[in-house]
Amino acid sequence: MIVHEHRLVIGVIGNDIHVVANKVLERGLRNAGYDVCNIGVNTFPEDFIDAAVEHDADAVIVSTINGEGEDWVHSLREELTTRGLKDAFLYIGGNLAIGDQPRERVEAKFCDMGFSRAYHRPESMDIFLTDIAQDLAQ
Amino acid sequence: MIVHEHRLVIGVIGNDIHVVANKVLERGLRNAGYDVCNIGVNTFPEDFIDAAVEHDADAVIVSTINGEGEDWVHSLREELTTRGLKDAFLYIGGNLAIGDQPRERVEAKFCDMGFSRAYHRPESMDIFLTDIAQDLAQ
Amino acid sequence: MQIPSDIFIKQRETVRQSPLLAEVDAADGAAFLAQLPESRYAASAFQNRGEHPILQPRGGFALFDDQAQLTHELDVAGADFLPLTIDSHTRQNDYERAATLLEQCEERNENLLNGYPLLAHGALLTRSLFTDINKPVSLRHGTPDARVLVEAALDAGITEIEGGGICYCLPYSRSYPIDRALLNWQYIDRLCAYYSTDERRIHRESFGPLTATMVPPCMVVAIQVLELLLAAEQGVRSFSVSFSQTGSMAQDIATATALRETTQKWLDQLGYTNVDVRLVFHQWMGAFPVERIHAEALITQGAVTAALIAADKIVIKTRTEALGIPDSNSNADAVKVTKFALRLSQSLAGCTGLNTDEESAHIATAANTILENILQLRGIALWDRVASAVRTGIIDIPFAPHQENRGELWTVRDNDDAIRIADQGKVPLPESFLKREQQKLSNRQENVGLDTMLYDVMLMVRKSYL
Amino acid sequence: MQIPSDIFIKQRETVRQSPLLAEVDAADGAAFLAQLPESRYAASAFQNRGEHPILQPRGGFALFDDQAQLTHELDVAGADFLPLTIDSHTRQNDYERAATLLEQCEERNENLLNGYPLLAHGALLTRSLFTDINKPVSLRHGTPDARVLVEAALDAGITEIEGGGICYCLPYSRSYPIDRALLNWQYIDRLCAYYSTDERRIHRESFGPLTATMVPPCMVVAIQVLELLLAAEQGVRSFSVSFSQTGSMAQDIATATALRETTQKWLDQLGYTNVDVRLVFHQWMGAFPVERIHAEALITQGAVTAALIAADKIVIKTRTEALGIPDSNSNADAVKVTKFALRLSQSLAGCTGLNTDEESAHIATAANTILENILQLRGIALWDRVASAVRTGIIDIPFAPHQENRGELWTVRDNDDAIRIADQGKVPLPESFLKREQQKLSNRQENVGLDTMLYDVMLMVRKSYL
């Protein structure tokens, strides 16, 4: 097993208890050798920031399943910077919009909000493993 | 059992071997006390006329299931008259048209061709028992 | 007795004289078949089949291009066997009419035939339908005299031939003499056996649904065993017995067991040891629901039943069955929904033994009684005994249009929708069997009106479901 | 031990002090319930049920008028029980937020809640939803502390209460303390028993699907038995255990048998003789197919399974499950397709005994081991033992979001899609059980990537089906 020595914070934001993707992500990232702090479901922006600071995280990965994610994440990038983590990667994945909206447009919107990458209903989650490995290797 | 003493000829016209409705009709009309001559499936106009003459039929009942009935029945009324059966009732029932056409219009067309009554995809077959009993009682 | 070689060769010469077969020499046909990859052989596909029942749609269009497109679409949709369904005129040996209508179709680019006119197109052209196909093709028709048709089908590389002297005569014809139909199919069985080698067997399949209307399972089982025995006699060594969904899932499961057991019993009894017998299940073949939601539920449930009885093959219906010849879209959807449902039910394949044993023993006993009575008839051969069985009403198929079929056997549904015999007609059946049937019907009302009679036939189209 | 009357009365006084319950006096509520016709009682409906499983949809809208319309439409479509599904805020006791959002909904005539905010509307208004309804109403929610909610539901004439201390806490909440949840549900069980007379019992139902994601049947069975025993302890005498379609029909059939047997065994063992136990089956609760054709096939197959296991009730899904809160059209269609499929499969009701005995014994043995281990724990009462079982990982629900849930139990699917335990975590299980589970997985590849892991979770949404 390759140990990446990278510290990641993951969780599901908002009043959302749909945890399946989160559990899979946790297990997958651990298998890939990351040091994962999973703050679980039903979490708020502060929880992500606090955990990231506490763990000196290299990346923060936000999930949202019920489509209400957008309301919660506006200030995440700014807060990370304020709290001294301006180099941390910030990802978001899940159902990023309500209704059927084109993937590219949805993902671009989140990147504009300061996310390093965004994944709206991705067909594969393994892509994310490749992407994050690449980003962190820089 | 009421015995009507009326003689009926029934059959399915054209190159059509779908016999289910015909068998039900035969059994139903026999149960109702009629003298039924069933010429079966895959029959032609002549077969109906010949059987009607031979049995001195009070009514001729044509079925058609595959939607191609119209081509076969144009001359039935005329032939019956020619062969001395101008008072015989003439009925037709089944899938009288291809595709979804309004029932009234389809049935009217066949009545114009000399049929006493026509039944396009009827919801009930018992209605016909009532109708024919009434017609023959006149 | 198997038709002796010399006689068969002579019969064949006569058949092959048909100008419709002239474009391919018999030897060429044989050579073409022999060089086909194993994947094109139905018998091999059965032997290599995986967990799921093999999935086979129906389908036939007049025009070559339409048929080629349908073939391609069904292939892509995931059909395991591809169909070639023949038009009615060819079935009734009215080859000229089929050819004329085909010409008109081509001129007007319209579809005036309810199937593919194989003999009008010819075997050579038909081969090219399947050039890029790596799956077996099944000939589906309904022809009492299919000798020329089957010759052409084999010439074209079709390796599965549906039909039989009983099943393709009584439900499909009004007056084709049953004895002649049986002899025609004896020829076809002999021909299929003649073309079969140890590795490459031409597969035969009987058509168990018959009229698909209120046929009691014991009669289906008896007829399936007879057609298997008739084929085995001619040397056929790969054969499918079949039946269709009856409306009672429990009765279907029982029928599958009875069919398997009875088949084995009679093969053993008559000493046929080298026949690979397969079980084919047809999704509901009777009057079909018009509403999409019901049609698709029925199709799904048929697939679950096929999985439960571990059928070797399932022949599928489409949601537009009640409306007219299905287009390729609804055909592809039918493949899709069936495939998914089979997948959902795959775990059932090993789960035989649902407690329908009483019912299956019941069916088997009755079928055996019918079969024993037929084998005791006087006659010069099995086909001859079968023909007299039809004439005397020992074989009797409800709702068959055929004039030699007695039509005295009458069936109704019990409270669980199972088909029960209300009037045995001339069919010999054990007392105990009839008693149980009556018991099952004890709280059924008498059929008087036409609508109550239709109530059973129209099981899937009852107004109460709307 | 049953909560003693005096203590219960005191507890209740506190609960009833909630201003949200002020509009109905407890005695009025009792009187209202008592005068409802028997047809409104779930427990009676179970006792009088006919051949088919009782059919129950889900459904909750924010606005009264929408809910009234949904109720009417489901009634007309043929639902046997009507649902009242509660919104998330009410579930999390955030009554104020639910009320505020309801006001906004009313102003803007929009639906901002994912269920019916019963406490915001109040019991009196809610009664009028069902004035013209002659069927039982079932409360569907997911609330760890449902004391006030259930009081209001009973005031409103609802006679079936879904939930339980384990099943409505671990899958539905991140941090609500499990011991408090168990105590809250002890109160609710006691309340339901208090309101039950010999003829009119308030029916309780557990939620066996849990996270609906890879939960092994033995864990479901153990939890169902525990919630039944907890309710029986408080005097509940009409109770449903439940589970959901897992993706392996054979495993579902085995689970039903194991669930029935294990339930009976423990009721006998602990001397509860007067509890009417029912079996409820949920159509597939996991990630749902997006495509209509697959969604409907899945729903149909769930109905066949319900018929096969002779479920007392089936809780249905709609074809739009993957897309969002179902509208009443797709809800009505779901009722229709399920009804038809149940009808098609009714003959199976008597057909128990599919040879899944080995599997069901396997499940039962494991469930019994879990239960025995829990009953041997130290603790002041059953609820207390259950709470420690959760904390120590004896009870462990895969994919539960709850922080007290260990999450060490890990499951994967075998070749027939049955759910098998790959890592037992802290769950005590017999050696022989684990060995058989491993055997079943012998030719399964290791899960490494995320997609292979999701492959099992996404059983019904795999790309290979498209």
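A few points about this structure:
As written, the chain order gives the labels A, B, C and D, with residue 1 at the start of each chain.
The criterion applied here is as follows: a contact is a pair of C-beta atoms (placed from the backbone, for glycine too) under 8 Å apart; a residue touches a chain by one contact, two chains touch by 3 or more.
Worth saying up front: this structure is predicted, and the values here are computed from it rather than measured.
Looking at chain C and chain D, not one chain touches each of them. Per-chain Cα centroids separate chain B from chain D by 58 Å.
Put simply, the C-alpha centre of chain A and that of chain B have 74 angstrom between them.
Averaged Cα coordinates give chain A a centre that lies 32 Å from the centre of chain D.
Under the contact definition stated at the top, not a single residue of chain C touches 2 or more other chains.
Per the contact rule defined earlier, chains pair up in contact as A-D, B-C, C-D.
Taken together, the chain C residues at the contact with chain D in this complex read 247-251, 253, 293-294, 296-298, 300-301, 303-304, 307, 333, 336-337, 339-341, 343-348, 350-356, 416-418, 465.
Across the interface of their complex, chain D is touched by residues 12, 15, 17-20, 22-25, 27-28, 31, 40-42, 98, 123-126, 128-129 of chain A. Put simply, chain C touches chain B in their complex at residues 88-89, 92, 171-175, 211, 213, 287, 324, 398-401, 403, 407, 448-451, 453-454, 457, 463.
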